[in-house]
Each structure stands twice: as C-alpha cells, then as structure tokens.
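What follows is a set of structures for review.
Look for subunit A in each of the two complexes below; its partner is subunit B in the first and subunit C in the second.
Showing the complex of A and B:
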C-alpha cells in the first residue's frame, strides 16, 4: 500500500508545471470560497447580533400565543420574580422584564401613536443598547419613577425637550382608560428609524400601574452575544418554565424577527448558487487534467497491465494521484483563505456605500469574517467531493484498456 | 336608420335617468336612516359590553348628539373611568382622562384604532356624516323581512374618502331603521358586522335599542351597546359640545 502512495506521489510530479497549475486552480478556488463564506457568515453574525442587541434580545419568554397576537391580556404573571428565578437557575444575568403597550402620546402641540415599553430600569441595559444610547438627559432611574425616555425623531416630531411633560393615553389590561403624565428625562438615538420614531420607555412599575397590569408583564428578554447558543438556552428555559406554568414559552430571535432570518437564508443560498458554479468550473478543469494524464500514459498502463497489474489497481492509482493533488492544494488554499479571514477579523473590512446598507440592519460599517468549522471547511470539502467524482471518469476508462493495443499506443 | 339612432339615444337617456334616480334613492335612504337614528339632537344613556373569550367588561355612558357631526360621550361607570369621555366635532375627536385631568386630541391617523377597547373604531363612533358625503350608494335589493319592506344598499367609498373599507352593505327597513351594517375590506372580505335588534317606537319614530359589533374572524369577541334611555329633539346648553364641558362635566 505504502508503495502505491509513493508511486502516486511520484506520478504527480512527473509533469510539474501542469500539476502546479492545477493545484493553483484548486487552491485559489478553495481560498476564495473560504474567504467568501467566512465573510457571509460574519455578516450574518453582525445582522443577528445587531438585531438582537439593539432591543429584541436573543430569546424572549412570553405567554403562549403572544408572538402572533400581541394583546395586552396575554401576560406573564409575577414576571419580575420569574425573571429573578431564571437569572438564578441559568446563571445568565442578561435578563430583563418588559411590558408592551400601545398608546397615544401627546405634547401640547401634537399627538402620535407609539409603542410604550415598561422596562426594568436596573436590568434593561443588559439586554438592550438603548439605555446606553441616551443622547441627552439620562436613562430611567428606578422601577417606580415617574419618568420616560423617548426616541429622538419622536421628540422632534412632538416638539418636546428634556423636562417637558407628555401625556400617555391608551387602554389598560382590564380595558380601562390608561393615562399618565410623565416628564421626559432622556432622549435616545438608536439608529433604527422605527424605534427612534415610535417608541417610548417608562419604568416597569409605572407601566403596570398605568395600564392596570398588577405584577404582570409581556416578555422576559434574554440576551446572549453568541447566537449559536440559541437552542441550548431555549431548551434550558423550557425546562424551567414547563413545570411552573405550561402557558409560558421561550421564543427565539428567529421567530421574533423572521424577516432577518429569511433574508439571511435567502442570501446564503444565493451565495451557494454562485459557489457551486465556481466549483463546477474548477471541477471541469481538473477533470481535463486527469484525463490528459491518463491518456498520455496509455502506453505505460499497457505495460503495467502486461506485467500483471489489475485494471482496478491502476484505477486506484489514478484516484490516489487525484486525492493527493486535491488535498494538497485544498490544504494550502484553505490556509490562505483562513489567513485572509484572520487578517480582516483583526483589521475589519469596509467598502464604499457600506455604511448606508449597514444602517438598515443596525450593523457597524465594518464586516469581520467568521472563522469557524463551517466557514473554513464546508467549501473545501465540497470541492474535494466534486473533484473525486470527476477523477472517477478517467480512472474507470482504464478498465477498457487492452494491454497489447495500449502498448502500441503512442 | 335615423329613427333607430333616436331610439337608442332616448333609451340611453332613460336608462341614465333611471340609474341616477336609483342612486339618489339609495343615498336618500341612507341619509334618512342616519337622520332617524340621530335626530336633530338626542340624549341617550347606554351600557356597552365588551366581550372576550376570557373576560368581559361593562361600561355605562351618556351620549349627547346634535346633527350628524357633533357628539359627546361620557362614561358613568365603572368608577375607575367615571367622567372620562370623548367629544366629536366633524373630523375632530378629543378624549378626556379624568385621572390625569387632560384632554387629548385623537389624530386622524388613529381613526381605525379601537374606541375605549371595544370592537368599534374611533371612526365608527365619529363619522356618521361620512357615509352620506363620501360614498356612492346603490340599491341592491328590496325585499320583505318580518312584513316590512327592507332595502339592501351597497355603499362604496369614493376614491378620495379617508376610509379603509372596500365596500359596506347596509340593510335598512321602511321605518328607516338600520338593521345591519357589514364592513368589507379592499379584497371584498367581510371584516365586521354591526347588527341592530330590539326595535322600539320612541316618540314618533322607530329605533333599535341593541347594537352588536362582531368581528368576522373572532366568533367569541363582540361589543354590544344597549340603549336604556333615549330622548330626541332635546335642546342643549350651547356649551355642550365644547372642550371645557368635556373636561368639567356639569
């Protein structure tokens, strides 16, 4: 066996230039795909963390059905003590309770319909970047404080400044009139147009009192920067919730914001469409090389057959040559791809016009590629499979050789 | 030949006259139903039940109306919301919350939001005159229901009408009582139905004392308004339909 490998290795280098050129094609393809997939996955990571970090969180505990029918009455009872329990049992601290309502908010001059969010003032900054994006004034101070923070565009539309009072008017959980007058203590600018234009935040206890919620709330938001931990954390949460209250469920970011998930999937599959075309082109060029190397050695194979080699063994030899060449080239190409990814991971990659596109998804203007098993190996392994299938054709051709005719071949 | 042209022409003319007079009839019926329902002015007391699968809420209220474009609603129970209310003048709507002692103007962009958490939208409460001015009416059918002549009218909002509906089907009897009002969306799907019942003679006219708004896709969710007291052609203090009256009930 060992001899056969050595044999194959020597055969590869009999035509150095051709081998090197083929290896370059494979290696370049591999490097390109490793880099592109790494870049794509890195971009998706940014999209996910951008959309979860800003406000929605990675996972939310909600009453079953709230996701599709966000009604005031679909609540979690004793939400704050449940959140405390979850913090304790999961050892994850980035958890905060929220209550969501809709109300008219009006200044002296104008009125707008907005989302009113009741937040746990102490924990909100762990699950959302909004408390850190206060552009003027300060964030909410205590769970029962009479305060509110509003988005910058909304402040502009309502023509209010810090300290001005705004009136909130909506419907409470029991259908009663929910009304409050609260001063603006802070103005945030999240970069998300929708949030900046149509959201106000007030302390959770103030919300519960205004909207007749008692100790109920609508969501327990959990943030974790590693979106890959979505499923394990979700099942851990389900394990805590199930025995307590079967009406509560853990909902992942992909369900809360299905649009982001769909656009990622669409982009990834259209990316792979291009990669498969690229791989097919590489494959055909390799197939050509192998076919050439078999055809030009017809005479040699004829002699080998005459010496008593079985056609199967010669076929194996050709496959071994293909395998060595491809693996060798793929290893180098993949290493180059990973190095490029690593370079941009450290230095960041940005290009013109990026900022505007990035703003739509609340992403930073630089992309950092992802370096993972998927980004580094999925492309090369696909190339390997394709090239080995391509090498099968010349290898099988050998079975048709007749020793005497082959030896006469020039 | 010439004879034929004249014949066709006169036929078209007649047809046109028939159509326009028919449209006028339908519009007149709607107008009379609205006039009948609201009168020149009215005062009424009513209770509103909002029903949901897991809860129910009952509110009591007093309602003052004048013409088709002015009304004032004041809540009398439950205690929590007592003295809260809404004032409507033409296209404008204001709400008052006693707890914070503020009047808020409801922007027209909110006209499809629920009124007081019920299945009625702000628009349903506010715009009685809109259906007269901004719609094209066609009489679809005339038939006898419970021995009364009943008209079924299709009302399609004009292009520029500020409404979300694709069409509305209104059933009116010959006492000008609105029996049924169906709201269809732009895709011709029935969204909600207002049904009137308990028709009584009050003074010299007939009105329905019970009205129920039912959303089509939630069988177990409805809002019912039952009128307990009603008086027509009442004279009001001229302050009645003002913001200060909304804020400080006397």
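Showing the complex of A and C:
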C-alpha cells in the first residue's frame, strides 16, 4: 500500500509545470469559495443578530395564531407567572413578557398612530437593546409606574421633551376605549428608523390596566445570542408549554421575520449556483490534465499490464494520483482562504456603499467573515467530489487497454 | 503574405482538432464560463431593473416635488401650494409625461373590529391611475371615479387585517390643519391587489376633495410625482429645478432609496470582478491544455524550425490556436446564453423566496436583461485576457531548440 502511494506521489511530479498549474486552479477555486462562503455566513450572522438583538428576540411564546393574526384578543393568560416558570425550567434568564397594542398618541400639537409595547421593566433589557439605548432621561422604572419611553424621531415629530405628557388613545382587549395620559421619562434611539418613528414602550402592568388585559400579554420573548440553538430551545419550550396550555406555541425568529430568513436563503442559494458553475469550469480543465496524464502513459501502462498488474490496480493508481493532487491543492487553497477570512475577522471588511446596503438590514457597515466548519470545508469538499468524478473517466479508460497494443503506442 | 496567413489559419485550425476530446473538454469550460458570465449579468441587471420598475410604479414616480421639510416630517403643516406660479411653470416642462398631485399623510383606519395605522392618499383618480400601479390593480369593486367620489379603495391584505370587505363602512382619522383629530366615514368601493404585501397594508386611496374637506386643507398638496418621457432625463430635470423655488424641493426618486442607488453604482464593478474570477478559473485550463498540445508536438516544431520556419511563425501559429479556441467558445457561449434567456420568457419565478424578495421591495418574477454594454465587457474580458493567456504556450513553443527538439521522442 505504502509503495502505491509513493508511486502515485512520484507520478504527479513527473510533469511539474502541469501539476502546479492544475493545483493552482484547484487551490484558487478553494480559496475563493472558502473566502466568499465565510463572508456570506458572517453577513448572515450579522443579519440574524441585527434582527433578533434589537427587539424581536430569538424565540417568542405566543398564542397559536397570533403570529399571522396579531389581534389584541389572542393573548397568553397569566403571562408573567408563565415567564417565571420558563426562566426556572430552562435556566435561561433572558426572557421577558410583552404586550403589543396600537394607539393614537397625541401631544399638544401633533397626533401619530404608533405601536404601544407593554414591557416587563426589570427583564426587558435582557431581550432587547432598546433599554440600553436611552439617549436622554431614563428607562421605565417599575411594572406599574405611570411613564413611557418613546423613539427619538417620534419625540421630534410630536415636538415633546422629557416630562411632557402624552395622551394614548386606542381600543382595549374587550373592545372598550383604552386611554391614558403618561409623561415621557426617556427617549431612545435604536438606529432602526422604523422603531424610532413608530414605537412607544410603557410598563406591562400599566399596559394591562389601560387596555383591559388583566394579567394577559401577547408574547414571552426569549433571547439567546447563539442562533444555532434555536431548535433545541424551541423544543424545550414546547415541552414546557404543551402540558400546560396547548394553545401556546414557541415561534422562532425565522417565523417572526420570514423576510430575513428567506433573503438569506435566496442569497445563499444564488451564491452556490455561482460556486457550482465555477467548480464545473475548474473541473473541466482538471479533467483534461488527468486525461492527458493517462494517455501519455499508455506505453507504460501496457508494460505494467504485461508484468501482471491488474487494470483495476492501475485505475486505483490513477485515482490515487488525482486524490493526492487535489487534496494537496485543496489544503493549500483552504488555508489561504481561512487566512484571508482571519485577516478580515480581525480588521473587518468594508467597501464603498456598504453602509447604505447594510442599513437595509439593520447591519453595521463592516462585515466580519465567519470561520467555521461549514465555511472552511463545504466548498473544498464539493471541489473534491467534482474532481474525483472527473478523474474517474480516465481511470476507467485503462480497463480497455490491451497490453500488446498499448506497448506499441508511442 | 495572404497565402502564408491562410496557411497559418489552416494549420492552427487543423491542429486544434487533432485531439478532439481534449479540445472539446476545454471548449466546454470556456462555453460554460461565457454562458455563466452573461446569464449572471443578465440576472443581476434584471433584478435591479425590476427593483427600479417596482419602485417607480409603487407611487414613487421618477421625480417628486415636496415641501422642503416634508421628507423629514411628513405632516400636514409641511404641505405646499400646487397651483403656485413656480409649480405651474415647472409642470409645463416638456420632459414631463404625467403628473399626479397628492395629499399624503399618516392616518388611522378603523373598522368595526380592528384599527391600523396607514398612509392615506388623497388623489385625483384620473391623474393617479396613469402614474402608479393603482389604476390597474383594483380587483374587486372599482377605482375612485372623480375628485369628489365618496368611496375609499384599500388593499386586500388590509381588508383581511381589518376583517372588513367591499361595501362596508370604515372610519379614517388623521390630524387636521388645526392639529385636531379629524375623522370621516367612507364606504369601501374597491379593493386593490399589489405585488407586495406591505403596499396593500399601508396605503389607502380617497378622492382629493374629500381629503381636503376632512382635513380643512385648501389648495395644498403633500407631493406631486412626475413621470418623465425617459428615465435618462431624471437627473437633468432635477438639476434644472434644484434651486428653483424655496417653497418646494424637487428630488429624483433615487434619492429616496439610497440602497437602490448604491446597488446600481456597485453593479458594474462587482460584475467585472465576477468576469475576472470566471476567466481565471478558465485560464488555468487553457494554459495547461495548450502547453500539453505544444509539448507533445515538440518533435514537429523542431522539424519545422530545422526546415527553416521562423520562431515567429510558430509563435503565431500556436497563439492562433488559442485565439480560435476562444473565439469558438465565445460564439457558442453567447448563442447559448441568448437562447437560455429567451427560454425563460418573462423571467424566472423566485416566489419560493417571496418574503425575502419583499424585504428588498421586489416582486417575484425577475426578468433577464441583457444589455449591450454587458455583452461587450464580458466578451472583451474573455477575448483580451484569453489572447494574453495564449501567448505563454506560444512563446514556449517558439523557444524550442531545433536540434534538441527533433531528437526528443
């Protein structure tokens, strides 16, 4: 066995230039794909954390049907005690209860329709960055306090400052009129134009009182920074929820914001469409090399056959050569790709115009590539499969060789 | 001279086909590369083209006129007089094909069961139906028929959300000119269907006179959108009227979509990088194949030289093999990509990613758009770089020493 590998290794270096050129093609492909897959995956991480970290959380517990039909009436009963129970049973502390409503909010001069969010003041900062983004004043103090925080653009549009009172007018859970007058205690700036312009937050108990919700709420929001844990946490939650109340479900960020998930899928599949074409082009050129290296050795193979080698053994030899050459080149290419990724991981990658495009997804303007098994190996392994299939063709040709004719071949 | 060129052509062409399989394999690689270049470019162009079309169609128009503060703070106070001398003069510009004057403000719509925040558009139905999608998007009932029509037209998704339907009454609330909350009841006379859900959910249409009555406005508008005869005129028109009148702001619709503007700017360079990458992937194969073709003919080249052929002749002959191969690849690649674009017809359906497309403000059919410029750049990239690549094996062939070459097996 050992001899065979050594044989194969020497054979590939019989024509140095050709081997190096072939390796360059494979290595170039590997490095390029490792780099761009790393970049894509890194970008997706940013998109996902951008969409979960700001406000929506990784998972939300909701009443079944609330996701598609966010009606006031679709509520979770005794939400705060349920949240407490989930915190206890999952040992995850980053969980907070929210109630969502819609109301007209008026200052002396202006009126806007906004989303009103009732939050658990003590826990909200664990699941959302908004409590940490208060630019003036302070965040909500207690679950039953009479106060509100509003977005910066909304404050500007309403022409209000800290301490000014705003009137909230909407309809409650039972269809009654919901009205409250609350002072502004804080102004936040999240960076998301949408949130800054159209959201106010008030304490959960104040919300429940105003909107006739008793102890109900609309969502229990859970945040975890590792989005890969989505499924395990979700099934754990389902395990807790099912025996208690079969009308409650855990929904992941990918269901809450399907747009983000699908634009990631769209980008990833169009990326792979391009990579496969690239790999196919490279494979064609490699196939030529393999084919030539077999054809030019017809005489030699003839002699080997005459000496008693089986065609299968020679075919194996050819496949081994292909394997060594490809793996060698892939290793170098992959290492180059990972190093480039590592460089940009440390230094960040940005280009002109990145800012505008990133803003569309609530992302920072620098991308950091992801270095993971998927980003580092998926591309090279695909190339390996393609090249080995390409090498199969010349290897199989050997079976047709007739020793005597082959030896006469020039 | 002509004879010797014909000789070289014949020699190169025949040499190319001496090993059919090898040439065909590398030709496949070139064709695939050229096809991928052109089709990807056409797809990207089509995507941006569709985004632009959708945006223009989706209320933005080509040029927008606002009160200078309206975009920062779209409230009733920031409206302007659409019949002022300045505006009237602007609207006379021959480059303008169509225009629509709108009252466009935030409002709340309340049905018997639910309420929702929306943007209300008080419009002149005759003008508006030509400028934006709404004229051909009403799927149930009818569109508004005059500036004093008492009906309201809402989107399908909004109707579902409000649990209401055609013929029902809804109440619209917004802030009037005195900063009081004004409300008015309307009967739903039409339901529209838009490619994007958010459009259906966030816009409602009422007649201009009713909007004016409800809000206490007189001779005021929030915006005028213009459609020009030709998209290329947008920048010149906007520049001409940039400092025209201090009460109005004239803006290209692209300014409202910095994301789109950037996409367009980045497109040319990213496409060129893509071409280079594809070419590099092909180049290794081309060089390798030609080098092999040269080395297996070492004896032959040696003989040529011994018989008095100049190295330049050999160089040109081998180089021509590369060029012929690339030209054949280009021609077939172009034809194939043209055929595959034809085969997709109106475009490809990406509705699997519907909600992802929605995030990009795009509908689900992406047309392929082949532009002349893209074709030229793709073909020139391959041709020029390919010819340069072919020089290396040709140079190797011409540098053989005859005496050594002949004796080699």
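Everything below uses one rule, namely that the second predicted complex is superposed on the first by the 410 of 410 C-alpha atoms of A that agree within 3 Å, B and C clash if a C-alpha of one lies under 4 Å from a C-alpha of the other, contacts with A are read in each partner's own complex, and residues count from 1 in each chain.
Simple rule for what comes next: a contact is a pair of C-beta atoms (placed from the backbone, for glycine too) under 8 Å apart; a residue touches a chain by one contact, two chains touch by 3 or more.
This is a predicted model, so every value here is computed, not measured.
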| item | value |
| --- | --- |
| Clash or fit (per the criteria above) of subunit B with subunit C on subunit A | clash |
| Contacts of A:243 with subunit B and subunit C, given as first, second, both or neither | neither |
| Subunit B versus subunit C as contact partner of A:24, first or second or both or neither | second |
| Partner chain(s) touched by A:308 [first = subunit B, second = subunit C, both, neither] | neither |
| Partner chain(s) touched by A:260 [first = subunit B, second = subunit C, both, neither] | second |
| Which of subunit B and subunit C A:171 touches, first, second, both or neither | both |
| Contacts of A:163 with subunit B and subunit C, given as first, second, both or neither | neither |
| First, second, both or neither for A:104, with subunit B first and subunit C second | both |
| Touching partner for A:179 - first (subunit B), second (subunit C), both, neither | first |
| Residues of subunit A contacting subunit B in one complex and subunit C in the other | 104, 106, 110-113, 171 |
| Complex contact set, residues of subunit B against subunit A | 50, 52, 54-55, 57, 78, 80-81, 84, 95, 97, 99-100, 102, 104-107, 109-110, 113-114, 116-117 |
| Complex contacts: residues of subunit A adjacent to subunit C | 17-18, 21-22, 24-25, 28-29, 32, 71, 102, 104, 106, 108-114, 156-157, 170-171, 198, 258-266, 274, 277-278, 280-282, 284-289, 291-292, 296, 351-353, 356-357, 359-361, 410 |
| Subunit A - residues contacting subunit B, complex | 73, 104, 106, 110-113, 167, 169, 171, 174-177, 179-181 |
| Of all residues in subunit C, those that touch subunit A in their complex | 21-22, 25-26, 28-29, 32-33, 36, 40, 73, 75, 106-108, 114-117, 173-175, 179, 181, 258-259, 261-263, 265-266, 274, 277-278, 280-282, 284-289, 291-292, 296, 350, 352-360, 409 |
